[in-house]
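In what comes next, subunit A is part of two complexes: it sits with subunit B in the first one and with subunit C in the second one.
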Partner chain A sequence: MSQARYWGSRVANSLMILWGTMSLTFLLMHLAPGDPSSIYIRPEIDPETVALIRQQMGLDLPLWQQYFVWLKEMVSGHFGFSFSHNQPVAEVLLEAIPNTLLLTVSVFVLQLIIGMTFGLYSALAGKRLFAKAIDLLLLFFYSIPGFWLALMAIFVFSGLLGWLPSSHMASFENFDNSIDILLDYAWHLVLPASVLALPFSAQTARLIESSLRTVLASDYIRTATAFGLSRRRIVLIYAMKNALLPLISLWGIYFPFLIGGSAIIEYIFSWPGMGQLLINAVFAHDTPTILGATTIGAFAVVLGNMLADILAAFIDPRIRLT
Partner chain B sequence: MLKGTLGTIALIIVWTLLGCGGESTGDKTQHKADYRSSIIIGIPKDVDTFNPLYTETAFAHEINHLMLLGLADLDDKSDFQPELSQSWEFAEDNLSLTYHLRPDMRWADGHPISAEDVEFTYELIADPVVASPQKVAAELIKKVEIVDSLTVRFHFKEPYPYQVFDTAEEILPKHVLEGVARDQLRGHAFGRNPLASGPYKLKQHKKQQYIELERNENYFGPKPHLEKIVFKIVPDETNLLTQLRSGEIDMMIGVPPAEVDQLKKANSNINIYPVSGRLYYYVGYNESLPKFQDPRVRQALTMAMNRQEMIDALLYGFGKPCVGHIPPMIDWAYNDNIKPLPYDIEAAKDLMARAGWKDSDGDGWLDKNGKIFEFSLKTDGANTIKSDIVVVIQQQLKAIGIKVALQPQEWTALMGQLKAKDFEAHLSGWSTSLFIDPTPVFHSSATDLFNYGSYANPQVDQLIEKGRAEMDRDKAAATWKTLQEIVYQDQHYSFLFWVDRVVAVNSRYANVNPVPLSSLYELEKWYDSASTEKLANSTGN
Partner chain C sequence: MSRLLSSRDLAPESSRKHGARPWGLWAATAIVALVTVAAIFGDWITMHDPIAHGNLLESRYLSPSLQHLFGTDKFGRDIFARVIYGGRVSLTIAFSVVCLSFSIGIFYGGFSGYLGGRVDKVMMRLLDFVLAFPLVFLVIAAAALFNVNNWSLILLLSLTSWMEIARVLRGEVLAIREMEYVRAARGMGLSHFQVLFRHVLPNAIQPLLVLIPFKIGEIVLMESALSFLGIGVQPPTPTWGNIINDGRDSLMLAWWISTIPGCLIALLVMSFNIIGEALQKKWRLD
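Right, the complex of A and B next:
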């Protein structure tokens, strides 16, 4: 199969998956009890007004018509109108996505640094006590629930010590220069990013360690050693390149999280991202926002898998995308 | 530029005049307003919109009311006080109501506030295309007449007691919203950046983060003492409490009762204000089922529920027994002669026996004609307090031999089931409104609305109809008091308790006075007693 045909069918497949997910979610949302007009169920609002509001929401149409109206909205990029934000859903999503990206990309970089460092150290140091201790510590962070870690971190570092802010992306004071603004953001990032990065770095460290061990035992490494290449060069360049492959698949799975965010952690730290948006939308029965956020999530899954395949082929020429 | 300067001069003149107005606290007031001061209020949820036509959450309404005012507003005694108006008078026939606006009022952009804004606002409220949830306020208004730029007259379809209520909606600026297509109003930028008429205006709103209000320098009333009001949005309750303790926030509304003691211990600088609320919980019975038709049975059920124990155990004492639909805060209509049925297991058993329900086979459950008395109790399973109450009720009713099966439901599903009469009994809460009209809840014609249990008592219907049409407050009060007595005798509901709202404020702030009506009541008068930094642009003493 040629490259062009491969990509053609891959994109077509992805679009089908997207459409399928979106339609299924749409159907499920409409099968569930309650709709965006539920918040108007109270004695002070007369039934005629509720009927008017439902009409504005388009809820008076038969389901198949609602589906096509919604599909048109999605394709045109408006994503419908959110009645809990009183704004088009696209605007609401565009406000939340950058905030989530700021958090998740920081988490990604942070976990990569921590995970690689300790993974590498464990693989090379072997059974030393310190390596074992680190292993244990990372396992601890991996095993405990994120929300608990978050609450403990807030309790200790904000409540008791008062070192770090316990919520929000930035202070509400306006700073005069951009360095102060950046520092303020970084300051607010420390707690949520660490809480998310620590368990994840344990995964990365483990993966790096085991895959590096396998690679280091292989023939070509022995050959390289025999050739008299330095240990550092062998490990960091020749071995690392192959040891990274399993990590890349992991990144593919991680990609949706980059855009979708972590609902619980965002909620606890009042981080105004996609995760919190989705939670609020569910509580408000805000169907258009739920559908918009789900679509973005599905899109991220499809895109993440595709990117992981490309990246793997780029690093390892043995893998061919056909 | 010139306009701005003139505005400032005008403001200083108005301010000086007000300051010299002979108020004894005048000097002190001015002094407080000259200091750098703010308050940070932690709230769990962002506002949906700043446009009062579409605001849905009760608290968003309170925030909005700091920026946008109506012609009149309720005070803490449930009386109306002038806001954008100076005075009003009713016509002899009660078919019209004339407001006289204050002459010195301007929007935050300097544009004068006039009768045209009032007429325009009510045109919007009444417009079906606008589809405002407040539309019902315009239902009985026939016409809004502009008499002159400062006089506006409402004409009504019929005389009724809530005419001031209906005409007290927040007034919107015509010059801003005039050109907006009516079906686009909901999403219009005004909802994110409103033009203020009240003491504060919006400085910035960072979604899901902060709402920052600053003084509206064009406000006609006395300058508020606090320079800035910041609402910090923190959805997680534990985090909110941590921030209150550490002083990151100065105020929290709705402190969980279980946390109050801890909070007092952890930080002695926090004042706790329990405020009686407008929310009550009740058990509603489906009276179309034979087992609930005997009023003695319903009375017995109430008497077997230890309501004080629920208040003590679940609300840590922050609640009051409830005997009816009218909240104690509306004191002119609240009947304080009704004593709650006592918690009395023996009397309850006796009542059940008289209704024919006895434990004839000794298995511990009451029965009649071979069938035991059992029923299912539905509630909103996601609501913590409701889930707790039903468990307590199940235990307490077991003591008199009544078997209760708990059926927690998803809230919207529950709403559907109640409406379809697909229930035996349910535990729910009503957040009562400020005007009294129990029609949708207790009138026999409202079985397709909120009279879920098909309660039908002709005397109740008659009293509701009489009360809601009565123009004279004293006469209306008598009617409502009689109604409460009859509804309590009937025990269509087992009324449980009213829930207090617990407000916590840092003791630095003086003049704090949360009332049932609003936790932010008279926020303009609050001041920070610890503030010492003087404002650079203060108007001086």
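Right, the complex of A and C next:
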């Protein structure tokens, strides 16, 4: 019963956040100076046509009516019509979402591999120097602007060395077999994914190190050792399970930053995802697309937090009881 | 400082030693001081004009030299001068935002913690709500659509960075308001407002002081990102972020335009973070 109530309130909370973000963005868009219809309107057009255009775009209605029209559109999944793409927003979004998903998942896997390796090594080798190096690296990544790191990566690896492509998801060439196409994607993925994954992995490594160190010093690990279990089994199965918990809440907290950070990185690398879509829509004053992209962003954040909670409850039964 | 002492400072002397990087702390303090002094006395440090175009025939894209320490950009403007004036703009914005967001956070957190009960519950729910927003998206959208000037940029950044301050202060106040002396102050006939601002807040301020350097660093990063995108501080006014954007397309031709301001942002933010960490260690707040 309490179980159902807990998840019920979690879902309700998430929906509230989603609705709040959407409404706030809607309000912001319509408080802002400048009219979305202005991109269609040139001085030589007569006022009657202007009025007609505005009527077609639904801009002549009072704000609260526009709000409800828009909310209905959103809930039914239509998201309105993108002025700058000349396409329904839903279609524009559907094109962009898989690309962002590809980038985000790659970043996640990459940071997990790097972070886990370094964190595990640091905790097991017990060398303070190594842990300090990770600390220093974390400080470094915390302090450099992500967009500048991306620029410098392009400058060095693409400009000076010419090893990696600097923009877009794929080459313009046509490849015959699918392996070449996949390799081409991976090739374009290396720079943007690394720029996003490195700061994240430093965070993961640091957290794994400190929580694993605490867990390894606890009684049940000593008991397991006394029972004669292998070191590998103790660390990877018994200790890891508990050490993972803070990591999962870190992911929940980090996720909004990853989504936000990837927006600027996508823009710099011309990665055709949600972030680039949002920033270009912002420059074009394309309100429906901005609202759509922000909504999907908020949805992703809320979903990410939910997933982190579910994962935590799955790993740690104690959470399920409270 | 003695007025700010709390129970945490009663720890044995030996465990209150400085952080593990005393030289790092010195370097960080020196960098912050240097950048601040350069920002304030910029007019005496460089003779070049940061905004007016130089000689377009002879002084475009000059690489760093004694004449132009950090080189010149596509309009023949001296990057050193632009970096110094840009630092002034970035730091002014960061300090203003910190002042404003701390004021908001102190009021919100102070009242929430002091009043407690149902008010506190509602205020904290609202705070969780704001924290769960994908703020970067909102800030980008708002900054672009409202055509921000420096004042509205300060307001925008302040409105999106006070939450952590409110939460930390609320926790402190919640503990302090149960203390005997607070009841004594109430008993002496002081109003709630006087008790909160004169007797509770001064004792809860230490964890907030630690947040200041971290917050400054965070805001320098955010402002530079917005200015880089062209929706923060508007050209020709230089900030480190929009100088990086200026050099973005000519990296191969003139690496110094984007590289140098980026290094400076990294150095400055790192220094603020080191100072914050040192304060944290010194006051044993982690």
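Everything below uses one rule, namely that the second predicted complex is superposed on the first by the 271 of 322 C-alpha atoms of A that agree within 3 Å, B and C clash if a C-alpha of one lies under 4 Å from a C-alpha of the other, contacts with A are read in each partner's own complex, and residues count from 1 in each chain.
Everything below uses one rule, namely that contacts are C-beta pairs under 8 Å (C-beta built on N, C-alpha and C of every residue); 3 or more make two chains touch, one makes a residue touch a chain.
None of these values were measured; they are calculated from a predicted model.
Participant: Between subunit B and subunit C, whom does A:25 touch in the aligned arrangement: first, second, both, or neither?
Facilitator: second
Participant: In the superposed arrangement, which partner chain does A:267 touch: subunit B (first), subunit C (second), both, or neither?
Facilitator: In the superposition, A:267 touches subunit B and subunit C alike.
Participant: By the touch definition at the top of the document, which applies to A:139: first (subunit B), second (subunit C), both, or neither?
Facilitator: A:139 contacts subunit C only, not subunit B.
Participant: Contacts for A:285 in the overlay, against subunit B (first) and subunit C (second): which applies, first, second, both or neither?
Facilitator: After superposition on chain A, A:285 lies in contact with both partners, subunit B and subunit C.
Participant: Can A:155 be said to touch subunit B (first), subunit C (second), both, or neither?
Facilitator: Touch partners of A:155: subunit B and subunit C.
Participant: Could you look at A:298 and tell me whether it touches subunit B, subunit C, both or neither (first, second, both, neither)?
Facilitator: second
Participant: With both complexes superposed on chain A, which partner does A:88 reach: first (subunit B), second (subunit C), both or neither?
Facilitator: First partner only, subunit B.
Participant: With both complexes superposed on chain A, which partner does A:170 reach: first (subunit B), second (subunit C), both or neither?
Facilitator: first
Participant: Under the stated touch criterion, which partner chain does A:247 make contact with: subunit B (first), subunit C (second), both, or neither?
Facilitator: Neither partner.
Participant: From the superposed pair, tell me which subunit A residues show up as contacts to subunit B and also as contacts to subunit C.
Facilitator: 33-34, 151, 154-155, 159, 267, 279, 285
Participant: Of all residues in subunit C, which touch subunit A in the complex?
Facilitator: Checking each residue of subunit C against subunit A gives 20, 129, 132-138, 140-142, 144-147, 217, 221, 224-225, 228-229, 231, 241, 244, 248, 251-252, 255, 258-259, 262, 265-266, 269-270, 273-274, 277.
Participant: Which positions of subunit B touch subunit A when the two form their complex?
Facilitator: Per the stated touch rule, the residues are 45, 48-49, 51, 54, 56, 128, 131-133, 135-136, 139, 183, 186-187, 191-192, 204, 206-210, 212, 230, 232-236, 238-239, 242-243, 245-246, 248, 410-413, 415-416, 430-431, 433, 440-441, 449-450.
Participant: Inside the complex, what are the residues of subunit A that reach subunit B?
Facilitator: Interface residues on subunit A, with respect to subunit B: 33-35, 38-47, 49, 52-53, 55-56, 81, 83-88, 95, 151, 154-155, 158-159, 162, 165-170, 172, 267-270, 272, 276-277, 279-280, 285.
Participant: Within the complex, which stretch of subunit A touches subunit C?
Facilitator: Touching subunit C: residues 16-17, 20-21, 24-25, 28-29, 32-34, 132, 139-140, 142-148, 151-152, 154-155, 159, 256-257, 259-261, 263-264, 267, 278-279, 282-283, 285, 290, 293-294, 297-298, 300-302, 305 of subunit A.
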